[in-house]
Every structure is written in C-alpha cells, then in structure tokens.
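Multiple structures follow.
Shared between the two complexes below is subunit A, which pairs with subunit B and subunit C, respectively.
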Partner chain A sequence: MNLRLDFGVVWERWPLFVDGAWMTLQLAVLATLFGFALGALCAVGRRSGPPWLAGLCGAYVEAIRNTPLLVQIFLVYFGLASLGFSLSAFTVAALALTINVGAYTTEIMRAGFDSIPRGQLEAGECLGLSQRQVYWHVLLLPAMERVYPALTSQFVLLMLASSVTSQISAEELTAVANYIQSDTYRAFESYITVAVFYLALSFVMRLGFWGLGLLLFPRRRRLGTPL
Partner chain B sequence: MIATQLGASHLQFLLQGALWTVVLSAIALVGGGLLGFLVALCRVSASRAVRIASGVYVQVVQGTPLLVIMFLVFFGLPPLGINVSPLTAASASLILYVSAYMGEIWRGCIESVPKPQWEAAECLAMSRTQRMFYVVLPQAVRIATPPTVGFLVQIVKNTSLASVVGFVELARAGQIINNSLFEPFLVYLIIALLYFAMCYPLSRWSRRLERRTGYARRQQVVTP
Partner chain C sequence: MSQPTSSSAGPVVALRDVHKSFGSLKVLDGVSFEVARGEVLAIIGRSGSGKSTALRCIDRLETIESGEITVCGHRVSDPKLPLRALRLDVGIVFQSYNLFPHLTIEENICLAPVTVKGRRRAEARETARRVLGQVGLGDKLDSYPEQLSGGQQQRAAIARSLAMEPQVMLFDEVTSALDPELTGEVLRVIEQLAAGGMTMVMVTHEMGFARRVADRIVFMHRGKVWETGPATILEAPETAELRQFVGSGL
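This part shows the complex of A and B:
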C-alpha cells in the first residue's frame, strides 16, 4: 500500500478554496435570509390564512420535506430553463436553497406558534392590543425566541447542504475541491481540506448565530438561559 | 435505437432505481443504526475520555456535508491503495453520516429518561450495565421511535447523493434516462414524485407515532 499524502500541491491553490468558501457563505446567507422570510410568511399563512392559502402552504411544506434537495435543485434548474429563463448557476442555487429552507423554517415556526399558550394570546387581547400587535408581540417574537436554536441548526445544515449545488456547477467549495482534485490527482487531500473548510464555516456560523441571539433576544441575555 | 418518448421501459428502469434506493436506505439504516447505538452509548458513558471522543466524532461528521464524505471515500481512498466500488462508497458514507445523527437523537432519548429511574435501579443494586439495559433503554426506545422514523425520511432522501459516485439509484437512473430523452423537467418531476411516494408515508407514520406517545412537538432538526 502506498500511503503518501501530499498536501502541498493542494494548499498551493488556497485562493481557490477561499473563493469557494466565500461563495458557500454567500449562498448560505442569502438562502437563510430569504428562506426565513418565506418560511415565516408561510407559517403565518398556514396558521391564519384562508383555507386555500393554508392548504397551499401545507402542500409546499410536504412537497419539499419529502423530496431530496438534489432533485429539487435539478427541477428548479431545468424548470426555469424550459420556461426560457437563463439564470446563472449561482442564482439558481440560491433560489433552490431558499425554496428548500423555507419549507423547513415553516415547520419550525409552526412548532414555535404551537408552543405559545392560548392564555398568552387572550392576555394580550385583554390588555387592549390590536390583532396585529398580538400577532407581532405575543405570537411571532416569543415563538421565534423559542425555536431560535432549532432555526440556527437548520441554517447551519443548509450551509452544508449547499454543497449539493456543485452538481449544477455553482462554483462553491465542493466544486472547487472537484476541480482541484482533477487538476492535481490528489483527491484525498483536496476533500480533507474542503471538509476542514466546512467544519470551520459551520463553527463560524454557530458562533455568529450565538452572538446574534444575544443581540436579538435581550431576555435570553438577562436570564442567561434559553426560555 | 433513439428513444424519444417516455415509455414503459424507462419507467421500469426508474422503478429498478427506486428499488436500489430502498436497498441503500436499508443498508444505511441497519449499519448506521448499529454504529449510532454505539455512539449513543459512548456519548453517555461514565468515562470522560470516551464521552469527549464520541462528541468530537459527532461534531466532525455533522459539520461536514454528506456529499464531501462521499467524494472523500470514493475518490480519496483509491489513490491511497484502497479500492472501493460505488455501492461500498455510498454505503460507508451513509453509515458514517447516519451513525452521527442517530447517535445524537438516541443520546437525547436516553437522557430524557427521568433521573429517578437511574437512581431507583441503583438502589436495587443493579450494575451500570444492568441499569442501562434493563431499566433505561426499554424506556428510551419508546421515546426514540417517532424521531427515528422521522429520520428514516432523511436517510431515503440522502441516498440520492449516492448518484454523484455513479451508483445507479433513483436519482442516477433519472439522470441516465434524461441523457437519452432530453426532457429534464418531466423526468425529474417523476423522480420527485417517486421519492415523495416513498417518504410521505414515513412522515405520516412518524407524526402519528409522535401524537400517540404524547411527546408532542419535540423540536427535531432535520437535514434538507
């Protein structure tokens, strides 16, 4: 057996890795922001929309949660192409990831809504809050606070899942590793390096979300524990 | 022969791919389940070193995309002198991946068995192993059933990534058919429907179990 590792030729190409990591991060942040907005809206639609809207949101969640991301990406990619849109791989990747994470966010937010006791809503009404105020201050924000850990884990998983977009030639980390290994014939070293990059990225994202949590939810900061 | 129309033979090929998806899922479930059980036991072990080591294992596997693990096993090992077939590579990667997630799920279940149960077993002079196997695990299994069935959906979906190493399961079968038909949207729609047909019953089953056991709405993070 010839066990000789040579990381040198792989690490020589570090600017490519950095570019790939940057694109992965961009994809993750874009999909997180838009996916969260989409998911929160769908969760609201599912809870208090008219029956057809609630049904639509439910169907969206079930359809996405029960099919693989790879197939979803291909569907978006070829579906848009057959409709005559020619978008860059990056746009398609961001779109597909947004659609995907939106469904998971919907489900998580719904669990958050369900965890708010009815008494809280009634108390809000008794205090003379308007319907909208109750929705925002009593339902949405506390629910978000409760499911924040689940949401952040989901967003980190989304970052890892963005590796699948290399299949439609979005130039993110995994695609970079594929390129470098075909260039240097150092497959093991390339993929190990990229795995370390992903580990570092997920660590950075967790740290970022932890800080953001302290910033967004002062109550959590004061109590020192999650609700 | 130039195939231009989606025919019965194509559907048959897809169904054959779906069968391999099921087989791969079964391998991942059994292998990953066994290894995951070990991981879960290590995570609640009495020894600090074992707890930390298994924790690092889980963090590393959960912090790396399954796709990269697949590439690492399939393309990374042959240059080092270890030859792997697509099936071996896909199975090995899925087993690694499943063991880390299942291990964490089951650790949560073991830890959610009330503490007095441990203490009571200790008062009955049971050894640590006896406490675990006669008292805690039987209760943990009941708590673990719904999230485990829910995770089955993730396993089935993630087998689609085996297509990147050339293993002909459902997604790969679709790619092959698409190469001859050039109707990507239609083909991938059918594939999506087939995956849905496999996963949706599992989702429903998991939800029903969840309601029945009364561990309502345990927030469980799932991979896309």
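This part shows the complex of A and C:
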C-alpha cells in the first residue's frame, strides 16, 4: 500500500470550495423554506381538501417518493427547457429540490396530523374555536412540534442530496470537487476536503434547527425535551 | 354571571324523543329528559347504554336522526344551527382531559377567551388566575399538562371550560381514569360548582357522588331512559335493571 496524500494543490483553490459551500447552503435553505410550505399545504390538502385535491397531493407524494432524485432533476431541467424556459442551473436545482423535499414533508406532516388524537380536536371545537382556529392551534402547531426532529433530519438529508445537482452543472460543493480533481488530479484529496465541508454544513444546519426549535417550541425549552 | 340566552323560565337542556344510530346499531332509542336552570342531572347506566352519545348530542358532537334537542334556546337539532353560539353556552369536560399538550395551563385556559371571544390577553390571564384558584390550582399557571397529575389535569380542564362562562356544564365520566384519591379532589370541585348553582349534566359511575350531588338521576339502559327520578330511586329502584345495576355497583 502506498498512500501519499497531497492536499496542497487542492487547498490552494479554497475560494472555490467556499463558493460551492455557499451555493449548497443557499440551495438547502431555499428548498427547505419552499419545500416546507409546499409540504404543509399538501398535507392539509390531503387531509381536508376535496377528493380531487387530496388525490392530487397523494399522487404527487407517491410519484416523488418512488423515483430517483437525479431523474426528477433531469425531468425539471429538460422539461422546462423543452417548454421554452431557459433558467439557470441554480434555479432548476432549487426548484427540483423543493419539489422533492415537499413530498417528504407532506408525509411527515401527515404523520404529525395523524398523531393528534380526535379528542383534542373536539376539545377545541367545544371551546368554540372555528374550524380554522382548531386547525392552527390544536392540529398544526402541536403536530409541528412532534415531527420537528423528523422534519429537520429530512432537511439535512436534502442538503446532502443537493450534491446530485452537480449533474446539471449547478456550481455547488460537489461540482467544485469534480472540477478541482480534474484540474489537479488529486481526486481523493478533493473529495476528502469536500466531505469535510459537508460535515461542517450539516453541523451548522443542525445547530440552526436546534436554536430555531428552542424559539418555536417553548415547551421543549422549558421541559428540556431533546430536539 | 351573564344572562341566559333564552327565557330563564324554560329548561336549559331539553331532549325530546331523540333517536340516534351508528350504522345499524341503535344507540339512542327515543331519549327524553330536561334539565332546569341550576339543576344537576346525573346520567348512570351500563357501559354501552348510550350515556356518552346522549351527552355528545347535546353539544352537537353527534347529529341525531330524529327528535328535538334545545340547549339554552339553541335548536341543536336544526342543521343550520350556528355551532359557535351553542358552544359558547355549553362547557364540556371529557374523561381524557384533552388539555393541549404544547400549551401551559394558563395558555390552555386563555386560548378560547382570546381567540373566540376576542378578550385582551391581560384580561384572559386574570380570568385564568381566577378559575384556577377556583379549582385549587392557583400555583400551576405556568406548568405544562404533562407536569400535572391526572387529577390536576382534570381540574385544569374544568377550569378551562369555566373560563368561557358557560350556561351549562357537561361531564363525561371525568374521574374514570383516576385513582380514588385523585377522584375525590375532582369530585369536590364539581360539588362546589353544583353548590354555586351551575347547571350540570354528568355521566358518572360514582354512585355515592350522584346520590349526594344530583337533583335528579337518569338511568339509561339499551338507549332508553329506563328510569328517572330524584336520587332516592337509587335506594328503591322500580325496575329490575336499575336494581341490578345499583346492586352490582356496590
């Protein structure tokens, strides 16, 4: 075995890594925000919408959960292109990741809704709350609190999965590593470096979600329930 | 105390020949009874005899097939009934407490006054303090439900209902999930409410309590009001079914 690592030429190009990490983070944040909104709406539509809407949301979830992310990305990329839209790789990547994580969010939120006992909803109704108020105060907020850990794991997974968007030349972290390894012939070093960047990004995201959780869910903060 | 919505002369709750089925299962088979203002009615009977269903129909958690229900002047059996108006007049407490787990006791109590009645938060807090004092939980404002014992949670649930100043309170086996000691503390709270003149309908298995607190007893059997009268019917039942029920309960 003759392993000789030389990080010098790879690390010389550190600004490229930083740019890539920044783009990965932007993709993750955008897809998390829009994907969460999409997923929450679909979960509501699936639970309380008219049959056609519930069916549509269900079909969306199944279609996304049962096809590879890379294929979804290509579908958005070439689909939009053939419709005559010319969007940047970044926009296409953000869009595809949003659609993808939206489906998983729908499922997680649905599990959260289902975990709220019927008696809770009845108690809300009996106190005079309107349907909408029951939805917000008795269903959505407690469900969110319950599934928050599952949601945040999903969002971190999404950030890692964004590496696939290098395939459509979005200039995120993995694309940067691909480029640097072909430029320097230091493949192993390039990917070790990029792995460390991903680790750091995961850590930052988990830390952010932890802090956000403390803000959003005072009960967890007060009772010290782990997030 | 706010004034009743209807003339205070008539009954607060009235069921007339109410029929209700779940699929092919007839659960209420011509149920009629009335509750006057300030009266305490206890509904007793075997499990499955339709007690909970009768109570749930009063608050329109279930709809009925035929018959008539009026509550505080609201025609509950009318499909076009504005539900909110009914629910402002009726408070209901369940066996499983149903406190909202993500809110403190104070927030649980303030939620409806603020969102439904549009009370200011400070005012709602004042109410929360008052009703919690009433049920002996003045020191639990900032606790979360899971930090309380079952008996305390049930008293908090009663306080949450009281904060809406209902005209009538419904209790569905509110002590069935509690051990005897905690049962006692909840029953004392209900007894105080009764003494304070609250109109109440309670489904209960606590025979001693029903005898002591109820002005009138309704014994349900197979979806019918099998026997009804003052608490003395428990000592001298007319029907074999009530005799057997009272006997088995001891």
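List of remarks:
In this section, the second predicted complex is superposed on the first by the 223 of 227 C-alpha atoms of A that agree within 3 Å, B and C clash if a C-alpha of one lies under 4 Å from a C-alpha of the other, contacts with A are read in each partner's own complex, and residues count from 1 in each chain.
Throughout what follows, a residue touches a chain if its C-beta (ideal position, glycine included) is under 8 Å from a C-beta of that chain, and two chains touch if they have at least 3 such contacts.
No experiment lies behind these values; they were computed from the predicted model shown.
After superposition onto subunit A, partners subunit B and subunit C are found to sit side by side with no clash.
When the two complexes are overlaid on their common chain A, residue A:Ala59 makes contact with neither subunit B nor subunit C. Once the two complexes are overlaid on the shared chain, A:Gln120 sits against subunit C while remaining clear of subunit B. Touched residues of subunit A were counted for both subunit B and subunit C, and B has more of them. With both structures placed on the common chain, the touch criterion links A:Phe217 to subunit C but leaves subunit B unconnected.
Of the two partner chains placed by the overlay, only subunit B lies in contact with A:Thr174; subunit C stays clear of it.
In the superposed model, A:Leu158 makes contact with subunit B only, not with subunit C.
Taking the C-alpha centre of subunit A as the apex, the lines running to the C-alpha centres of subunit B and subunit C meet at 100 degrees, rounded to a multiple of 10. By the touch criterion stated above, A:Glu145 is placed in contact with subunit C alone, subunit B being left untouched. Here's the short version: in the overlay, subunit B gets within 19 Å of subunit C at its closest Cα pair.
No residue of subunit A lies at the contact with subunit B in one complex and also at the contact with subunit C in the other.
Chain contact summary for the complex, subunit B toward subunit A: residues 60, 63-69, 71-72, 75-82, 153, 157-158, 160-161, 163-164, 171, 174, 184-185, 188-189, 191-192, 195-196, 199-200, 203, 217, 219, 221-224. The touching residues of subunit A, when paired with subunit B in their complex, are 1-3, 62-63, 65-72, 74-75, 77-79, 81-82, 100-101, 104, 108, 111, 114-115, 147, 150, 153-154, 157-158, 160-161, 163-164, 166-167, 174, 177-178, 181, 185-188, 190-192, 194-195, 198-199, 202-203. Interface residues of subunit A, counted against subunit C in their complex, comprise 117, 119-120, 122-130, 133, 137-138, 141-142, 145, 217, 219, 222-223. Subunit C makes touch with subunit A in their complex at residues 59, 61, 83-84, 87-88, 90-92, 94, 96, 98-104, 111-112, 115-117, 144, 146-147, 157, 160-161, 164.
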